[in-house]
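Alright, structures below, take your time with them.
In the two assemblies presented below, chain A is common to both, partnered first by chain B and then by chain C.
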Partner chain A sequence: MGLPNASGDLSTEVEVDAFRRLFPLRFYEKHLSESIRPDARPLGRARDTTIALGAVASANGSALAKIGSTTMLAAIKMEVMTPSTETPDEGCVAIDFHMPPICSPIVRPGRPAEAAPVVSKQLSDTILSSGMISLKELCLVSGKAAWMAYLDIYCLDADGALFDTALLSAVAAFSHLEIPVVSLNDDGKIVLLSEEQEGMSEREPVNREKRKLTLCSIPFSLTCILHKNYILADPTAEEESIMETLVTIVLDSSSQLVSLYKPGGPVLAYTSAIQDCIAITRQRVKELQKILEEAISVMEVD
Partner chain B sequence: FRTGAVNSASGSAYAEFGNTKVIVSVFGPRESKKAMMYSDIGRLNCNVSYTTFATPVRGQGSDHKEFSSMLHKALEGAIMLETFPKTTVDVFALVLESGGSDLPVVISCASLALADAGIMMYDLVAAVSVSCLGKNLVIDPILEEESYQDGSLMLTCMPSRYEVTQLIFTGEWSTPDINEL
Partner chain C sequence: MMQVRPNLDYEGPKSHQHHRAFVFGFEYGFLKEKLDQKEAAKRANEQLGFVFDIGPNPWSKPATSSFGCKPSLVKMEYVSPEGLRLDGRRPMEMRQIRAEIGTVARADGSAVFEMGNTKVIAAVYGPREVQNRSQQISDQALVRCEYSMANFSTGDRMRKPKGDRRSTEISLVIRQTMEACILTHLMPRSQIDIFVQVLQADGGTRSACINAATLALADAGIPMRDIVTSCSAGYLNSTPLLDLNYIEDSAGGPDVTVGILPKLDKVTLLQMDAKLPLDIFENVMGLATEGCKAVANYIREVLLENTKQLEYRRGL
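Right after this comes the complex of A and B.
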């Protein structure tokens, strides 16, 4: 720690903004010693979260999730495909996470962001292993036709906590998903019934009405930063860039641990730190569940 | 129309025209890459991309590569490039939903985002497209109308100065129709 006195003198003369850019770590440590962060949040609180369902009219299910300024748009499109021979009764879900260059100054059009494939893989692992969706529900005709759900998540604004927002938008999109009506063609192929044809069709539809997927054990997550003895919940991009130890915990709605992800970092995580993180996550899960239920009930009123 | 849609960009705008939804962010002026040569005036870099759910059939739109260069030409005339030498301004557009007449919406939204970022311009750029369906001229066509069209025209201009920055004609037109415009 080279110049504690010198920076003490400087800080009275230099403006707050300049101090924040030049000595970001010290700026944050001054705040942390008072148990508060620059945007006036206490250490364990996450930013304001909102969910809007049905953002994209042309997709079968969609949702827009915002945590603070981080914004993600998730959309699901369903297509019919033939299932594989090993699992003739199951459909398939393909998850793709994109970071287009509008979201942050670090992303350039030619080269995809570093974080994108990491978050993409984390997301698909979490969603498939949490058992939220039963693939058997996606089956239409056993052995011949099943649904393939393409879930695309676009990051519209990247300000920290990318995985949390992406998972929230994916979960919300699945809860908004409506499986379209189909019927068997004469060739034995599945054909999408559009609404005008419904009155005229003589063939028996395979599924009578648009139905929703039943979701059990919905996963929710929270990312925390460990720095010395402090635990900061829901970091912004600025906090993430200066303090590098992140821990992401995914719990499902019955508070069971789905996944724990700590990708290295200079701070070692002792059991007590992890247990504190899990406690904060548990509270956050309750908040998120309430927000999601409110969003769903608002949609149903419409 | 809305500005300030993206927090992490210098300037941004979101526009919704019927079913067509577009977000544009502007970053800059920032340093040009070392590979680019020194230039007295600034550079403009544009990129337009589509989401996979922008079109009813999932898959990339085929036109988006030329849209980037068309956006570049439309904005070039309006921005005062001399005010930021040696730096680059990046304009990125993302089409969230395509309901026809995409490029004019992108151009108008981009000029609003540039204004939000505080980049000096001569005037805001507005764009509109017109389709010719047989004998009728349709302004601001939607996707279905575009697929039936015989020819289309896109006009971008700076309203206060009565100047046209770009004019694009495609398809079949007969001379009396052109005179009508």
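Right after this comes the complex of A and C.
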């Protein structure tokens, strides 16, 4: 092979692109046999992950999480509501996941993405069942007033691993959340106090310090793809569309299994494959914990 | 062609109803130059280079706010005697602008545009195959636009961010504005989708959306006659104000939004709320146009910088 000249490079590039479009599975298998993927990642490595807290100034808590190109913006808004009679001293958390048309060429205004309600339900179940948030912390006046936290997650760019990024952004938003200061009105109604009014108000605030939620056992997740004998961690959208068997594992910070999700797929997995996935996830959880802690400490320095 | 109808959906508090006058898709050049318009333009030009930072957090509204009352009962001071607005700007100063191109990797073109606290992300997909064959046009491209606000973008959480009347109206406005400048006859039987998502709303969302859409279309490489820039201006406490934020917008005074093609010096979008005497209207519109030109300068810089980066990466 001589020195490649500029025009030679272009034609081989075009051939590779065409091969990638026409025979995607063979293209990937050629890479997998060398234990590498087209974007030069080894099979078990996830893409670069970043978290930025406080991305939305109008919300009580917010975070922007990026895994590779997949971008999710999570924001929490708090409202006061009357708790139900069965649970008079518990607040409520409502989680909603949206995929607006900007995130992917497949989503159209008339036809919402298939993945959106699936991920929404998964997220809701995972966050509420993991015990990360104690609903009793959201209570203001027992039986009369409690907080309703609306968590909205918007996907700004959908490039695979939607659930992982969404969970990460949700967790980061909760760790950034600052509960606003309120006080009781004369008619017994809860009233929001802004910063300017704090000094001069005669009414005692019900929660004096702007409180943060205590989060125990934070869940982190990793999605893997199973294809023949290979396990690919953190797939991109292209990989997900070609090789359809996904396994999502959610572990909490003490490495306990919170959720395992394998919704069918052409590949049937032995339990040893699932064990391998769990091992990869365990390592990933440590990475994610570190990234989240760094993001929080950066915010506190500011 | 003037239509007057009451506006019932408004992003501010429902404290008043006001009428909206539409002048749509109107083209006229700035041929006549009245002396006071030139004066206002000169003053605006001097001060527009100087952008000011945003003031206190506009979403921490205290419960007992005077903004919910009728304007006749409470005399709110939007311009202090020293000539400073609520967020510390001078009347002819714009908020700080920031733009970024190429933020959504999967889109053909995308941009984030911020005007003060208003933050908007736009993505363009196209030209691509028309998804609904019955809507295909044989000699030009079909342009579609969707405007939606995130649930958390405004002070109170929005229940219905997409299908409500205001979003539909703004989608229509953006589509017609951008369609006027895209060279649709070059791409027959295809479709260009412009999606705009408001992440934070603090007044002037319409203008920010149009500016973001322009950048996204440029990033996607779609042929256009000229860039389209937009800015809003109002008139409160007998002073023309440039680039209203949410508090000033919901004050009940007039709000003029202008969209221009800067190089061709033509107006593609002109909308106004409330009542305004004609000579003051010309002043306010001239002010908004100057704001548009300042935005156009900034957008050109951003596009130039982006092109330099692309050339650098290609090794040219």
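Here is the rule we go by: the second predicted complex is superposed on the first by the 288 of 302 C-alpha atoms of A that agree within 3 Å, B and C clash if a C-alpha of one lies under 4 Å from a C-alpha of the other, contacts with A are read in each partner's own complex, and residues count from 1 in each chain.
Here is the rule we go by: contacts are C-beta pairs under 8 Å (C-beta built on N, C-alpha and C of every residue); 3 or more make two chains touch, one makes a residue touch a chain.
A quick note: this is a predicted structure, and the numbers were derived from the prediction, not measured.
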item: Clash or fit, chain B versus chain C on superposed chain A; value: clash
item: Contacts of A:A237 with chain B and chain C, given as first, second, both or neither; value: both
item: First, second, both or neither for A:D152, with chain B first and chain C second; value: both
item: Touched partner set for A:A57, first chain B, second chain C, both or neither; value: both
item: Of chain B and chain C, the chain that contacts the larger number of chain A residues; value: C
item: Partner chain(s) touched by A:P88 [first = chain B, second = chain C, both, neither]; value: neither
item: Touching partner for A:P24 - first (chain B), second (chain C), both, neither; value: neither
item: Chain B/chain C common contact set on chain A; value: 56-59, 62, 69, 71, 73, 75, 77, 79, 96, 98, 100-105, 109, 150, 152, 154, 156-159, 237
item: Chain A partner contacts - residues on chain C that touch it in the complex; value: 56-57, 59-64, 103-107, 110, 117, 121-123, 125, 128, 131, 144, 146, 148, 150-155, 157, 193, 195-197, 199-202
item: In the complex with chain A, residue positions of chain B that touch it; value: 5-9, 12, 19, 23-25, 27, 30, 47, 49, 51-53, 55-56, 58, 90, 92-94, 96-97
item: Interface residues, chain A side, partner chain C - complex; value: 56-59, 62, 69, 71, 73, 75-77, 79, 96, 98, 100-105, 108-109, 150, 152, 154, 156-159, 191-197, 237
item: Residues of chain A touching chain B in the complex; value: 56-59, 62, 69, 71, 73, 75, 77, 79, 96, 98, 100-105, 109, 150, 152, 154, 156-159, 237
